[in-house]
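One structure is given here, and the rest of the page talks about it.
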Amino acid sequence: MDPAEGLGAGPTIQAHHTVTFQVPRLALILPETGTAAGTWFMRPIGLDAKMLESTQRIGDWVEGADIRRALKPRGRFTHKGSYGHSLVIAGGAGCHGAGVLAATGCARSGVGLLTVHGVENTIQQIGAAMPDVMTSVDANRDHIGQLPDLERYTAVAFGPGVGVAKGPKEVLKELLGRWNGPLVLDADALSLLAQERDLLDRLSSSTVLTPHPKEMDRLLGCSSSSSYDRLCRSKAFAQEVGCTVVLKGAYTAVCSSDGRVYFNSTGNSGMAKGGTGDVLTGLLVGLLAQGYDPLEASILSNYVHGLSGDFAAADLGVDAMRASDLVQYMPKAWSRLRRP
Amino acid sequence: MDPAEGLGAGPTIQAHHTVTFQVPRLALILPETGTAAGTWFMRPIGLDAKMLESTQRIGDWVEGADIRRALKPRGRFTHKGSYGHSLVIAGGAGCHGAGVLAATGCARSGVGLLTVHGVENTIQQIGAAMPDVMTSVDANRDHIGQLPDLERYTAVAFGPGVGVAKGPKEVLKELLGRWNGPLVLDADALSLLAQERDLLDRLSSSTVLTPHPKEMDRLLGCSSSSSYDRLCRSKAFAQEVGCTVVLKGAYTAVCSSDGRVYFNSTGNSGMAKGGTGDVLTGLLVGLLAQGYDPLEASILSNYVHGLSGDFAAADLGVDAMRASDLVQYMPKAWSRLRRP
Amino acid sequence: MDPAEGLGAGPTIQAHHTVTFQVPRLALILPETGTAAGTWFMRPIGLDAKMLESTQRIGDWVEGADIRRALKPRGRFTHKGSYGHSLVIAGGAGCHGAGVLAATGCARSGVGLLTVHGVENTIQQIGAAMPDVMTSVDANRDHIGQLPDLERYTAVAFGPGVGVAKGPKEVLKELLGRWNGPLVLDADALSLLAQERDLLDRLSSSTVLTPHPKEMDRLLGCSSSSSYDRLCRSKAFAQEVGCTVVLKGAYTAVCSSDGRVYFNSTGNSGMAKGGTGDVLTGLLVGLLAQGYDPLEASILSNYVHGLSGDFAAADLGVDAMRASDLVQYMPKAWSRLRRP
Amino acid sequence: MDPAEGLGAGPTIQAHHTVTFQVPRLALILPETGTAAGTWFMRPIGLDAKMLESTQRIGDWVEGADIRRALKPRGRFTHKGSYGHSLVIAGGAGCHGAGVLAATGCARSGVGLLTVHGVENTIQQIGAAMPDVMTSVDANRDHIGQLPDLERYTAVAFGPGVGVAKGPKEVLKELLGRWNGPLVLDADALSLLAQERDLLDRLSSSTVLTPHPKEMDRLLGCSSSSSYDRLCRSKAFAQEVGCTVVLKGAYTAVCSSDGRVYFNSTGNSGMAKGGTGDVLTGLLVGLLAQGYDPLEASILSNYVHGLSGDFAAADLGVDAMRASDLVQYMPKAWSRLRRP
């Protein structure tokens, strides 16, 4: 049931603080009702774990302990080939930095190798900022129009800053035809998918879509009546299309292709700025390249991304922090999660 | 009355320290007399707040508590669209860095999105330094000559480093014709206004001008006889033109369109270096984009700017600190102001 | 004897921790067996030093005390000419950053002067990142095809990112014909050597090759049956060719031209990422330029490189750390080794 | 008398530590003898200050207290116009970074405004690194060949990285004809002066030359027989030419146009690397622009430069530290000197 259903029927208390027992209620997580809760805390009251597990619910709450259990060990005798090779296709006229942000996010994911494909201006910016990234230059000037050879790669991300021109649209079509491996589609790629809905049938089960609410509505082809409505539709969409959907928000919801939903517990309003999503895309494709499955990689990348943001906010404040700061604080987030 | 009026009529004591009671005297704030005061301190002596409030005075002294009260909260369920979209039009031959500095100042303002419009060289520098900024390239090589579509933006800044050639002059005219929203005019834009005085009639009440004393004199069309004279004329100018005037100085005076004046209490001589004004312009337009009104945004941006400078001076010294250091210390300033 | 010989003949215990007495066993150092040891510790049990010294063994274990003894003092009255001049030839289409990483590694080696020769894009990236590096621009666009005048240099590195096109191949031939001084051949240079095996005869005794296992197999002209097999062959190869071979791995083995082997004890799995080898190449050529002989420079550079990586991992975590972070932590490694 | 005169006549003790009383002996400062002293300490033994002052000696030892007394205050009511405008003419093919290093040194000097004139590649590097610098692009591609209008500037530096081609030579001639104000000539400018010795007659008393020993010998037109010989000749040269000479070395000697010599007490062997001199040039011209006279600016800039190097060495070690690190530690040096 939509927690917001009763809103408006009577007076609403605007709380300063709210305590929830054992698990968060959906009402705390969705904007329409969550804003009335103020700061909320979760306190255990000894509810039976088995009972909770069998309770009907829309999704699960992800915490640090869940993430720690999911992390793969990094053995002493591994080498760069052990951690995959990500390809990031990003950037275009007016948005070259989106490629840089995605690349930096990926470079802090633990990936073994990273190549960025983009137009010359994007690649020049990558070069100046990131000497450890390999590059592939598209022959077009403003927007990409070529897909590089995909043989060497273990995971691909496509979308941030590429634009919705004919070039990137054709590249997306070609990519979906030629690549069945782990794939992240974000930003402009989602707008292109919404325009060419028959492409949805071509998405493999290794695909992760990372829409914010407006992009989700465009994918759904309709304007959602509420956040709850959008969440339910997103969950159904992920099952129908057979891919993973990362519905971004204050508490991002990861919807798996088999109907599960996971709510991310990290992040803050300092991340409500352009470019933070590009960083997530890079981090996500870096995890996919290392062999995490689409659901694991989605849950893990959102947690690390938000935790990086929380560390950034603690140091820099929610006003001053920027998308590039997320990458600066990612080492701290990883270190916290790897600490025994 | 001009506090400097009596100067020269008799001997002046050059104090090492001065104590002022409850509120600062104008004599401490203006250069002609302030230099004689040495370091000054303000101490409460129990004067009645209501009496003070009703006292005739040229302006009010702004302190941290005033700023804290003025800050808007940043709610958990907000997104980048909640914090506006700034357009910075800046940079040109010989001064491309002015665009970078304005952009970095804006990027640490809390704004949701930021686009910079400039000539190719400016945009390349932005790109190398700031991946989270969107860009719009002017077709001209040395100085801008085009105004981008303004639909997407909530606030605009124009001026730093653009030069006073025909191109930027035409862009300024077009901008004043097409844009009625929040607007900052700084640096070369002020020189252009002084050259084309009929443009002053086109300034909307959402406009903020940020002149240093020489630029103010040019706007006034006459050389001021003293700092006090300039302050009084600036106050009158703001009322006549119907905009906000930020008269920069050791204690910057924000003059509102309705005749109020606010003196900024932060900042130091380490900021007496090229580029610090560009950072202020960026910070100011970022606050305007977030919905602060011109007076609030002017007061707040000057306070944060000066506080960043004070933190920079404490760490780096007044000699070594540079304009770009202000941006590095802006997170510390914001964090201090947001601290409960 | 290959420590892995018995593997598979019976059950293997997967230990969490292993203690080794006085010196590490080869089984701990090679991947096939080392993975079963878990974390291992070395504890002294009072074995006689002379006896140990005369024991038959494949190689020696290098620790901090060995490195400290090998470091040359840096006298007060020295000048930049006292510390040599390195030439780094690196970078090419798709891999311009390899040149940057090699250059930054070299710039933190203590070298007096550093020049990088590369194609224009590589040189532009160097310029943006490293103002203290002198540059030489190759006339070719994608891959180098020219060898600069070598008179001014005391040591040369060739290889990272240059590619295996005709241009770099000809440059390598010319270099081996014209240069008899200290030389590092890495990455693509090793692939070129494997292609043109007659070039192996031209390598002087001042040459250091720095292959990872796959590159070593290519140099050997055959696929090794095990890590032990590869180690023995590398040792023999170094003696036959008469140069120093740095066989990279979890415990890098430095094989001298006179049959000695030294195992490096620093480093971690966070370094299993693209670009870390380029940093090593730069550090190594910087030490050669300062007058360390090929064996000393190889042992020392690997130790400092790995120690930098260990400091990086402690601060940033093995997931998030990147190749460029090694250079950031190199000062800490040097300081630790120089500490009395 | 040359302290090294007796060397070789009998055995020399190589000390680990040496104690000198009240003031350093010249033998400690010159390389031929100083290397035998090991680390030395200066201890007061109550010698009469007046007696010391009247003692015949080649020069004075400069310490922190001398520098503190020489520093100009930075008043609250000053603005960027109060601190002058430096013009740095630097950089050229192969050495674009020299312009960047000089510019960063100047930007941390306390100067109000800074403009760099150079070829396009140099200016692009400046732009990417330093948004607070104004720029002037030379029409030539590899080496400068134009002198910008000098009206706006209060001090000029010429030389680092410009090369010795015809273009920079003509610019130097024109500069000496058109500019009588404070001027630093460094690096290639010194080689050009040595080539065109009649230019020496055109140097004004506001000129500072900053040669290292080899450059000094070239200026003198002869190879010095010892460091003492070079020092005496440099002292005489400064008097004859009527300018200030900064003879660089482990203990840099500033020789005034009126026959005084000041030995700098800061610095270390970690600074024996390419680019450190460029940083000094920038710092020096920044002080000249602020109104320090040539002798004061020379003494002060060397002290700050060396102190920055000492702080860098303490943190980064003498091996790993680079020229650009000097600029990073300059704020710490300034802060230490400004501390009451």
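Letters A, B, C and D mark the chains in the order given here, with residues in each chain numbered from 1 onward.
Just so it is clear, a contact is a pair of C-beta atoms (placed from the backbone, for glycine too) under 8 Å apart; a residue touches a chain by one contact, two chains touch by 3 or more.
Computed from a prediction, not measured in an experiment: that's the story for all the values here.
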item: Minimum number of chain-to-chain touching steps separating subunit A from subunit D; value: 2
item: Centroid-based (C-alpha) most distant chain relative to subunit A; value: D
item: Whole-Å separation of chain centres (CA-atom averages), subunit B against subunit C; value: 53
item: Intercentroid distance (Cα basis), subunit C paired with subunit A, Å; value: 38
item: Where subunit A touches two or more other chains at once, by residue number; value: 124, 128
item: Chain-chain contacts as defined at top; value: A-B, A-C, B-D, C-D
item: Contact set on subunit C toward subunit D in their complex; value: 74-80, 82-83, 107-115, 127-128, 130-137, 330-331, 333-335, 338
item: Residues of subunit A that touch subunit B when the two form their complex; value: 31, 34-35, 93-101, 104, 121, 124-125, 128-129, 212-213, 249-250, 268-270, 272-276, 278, 315-324
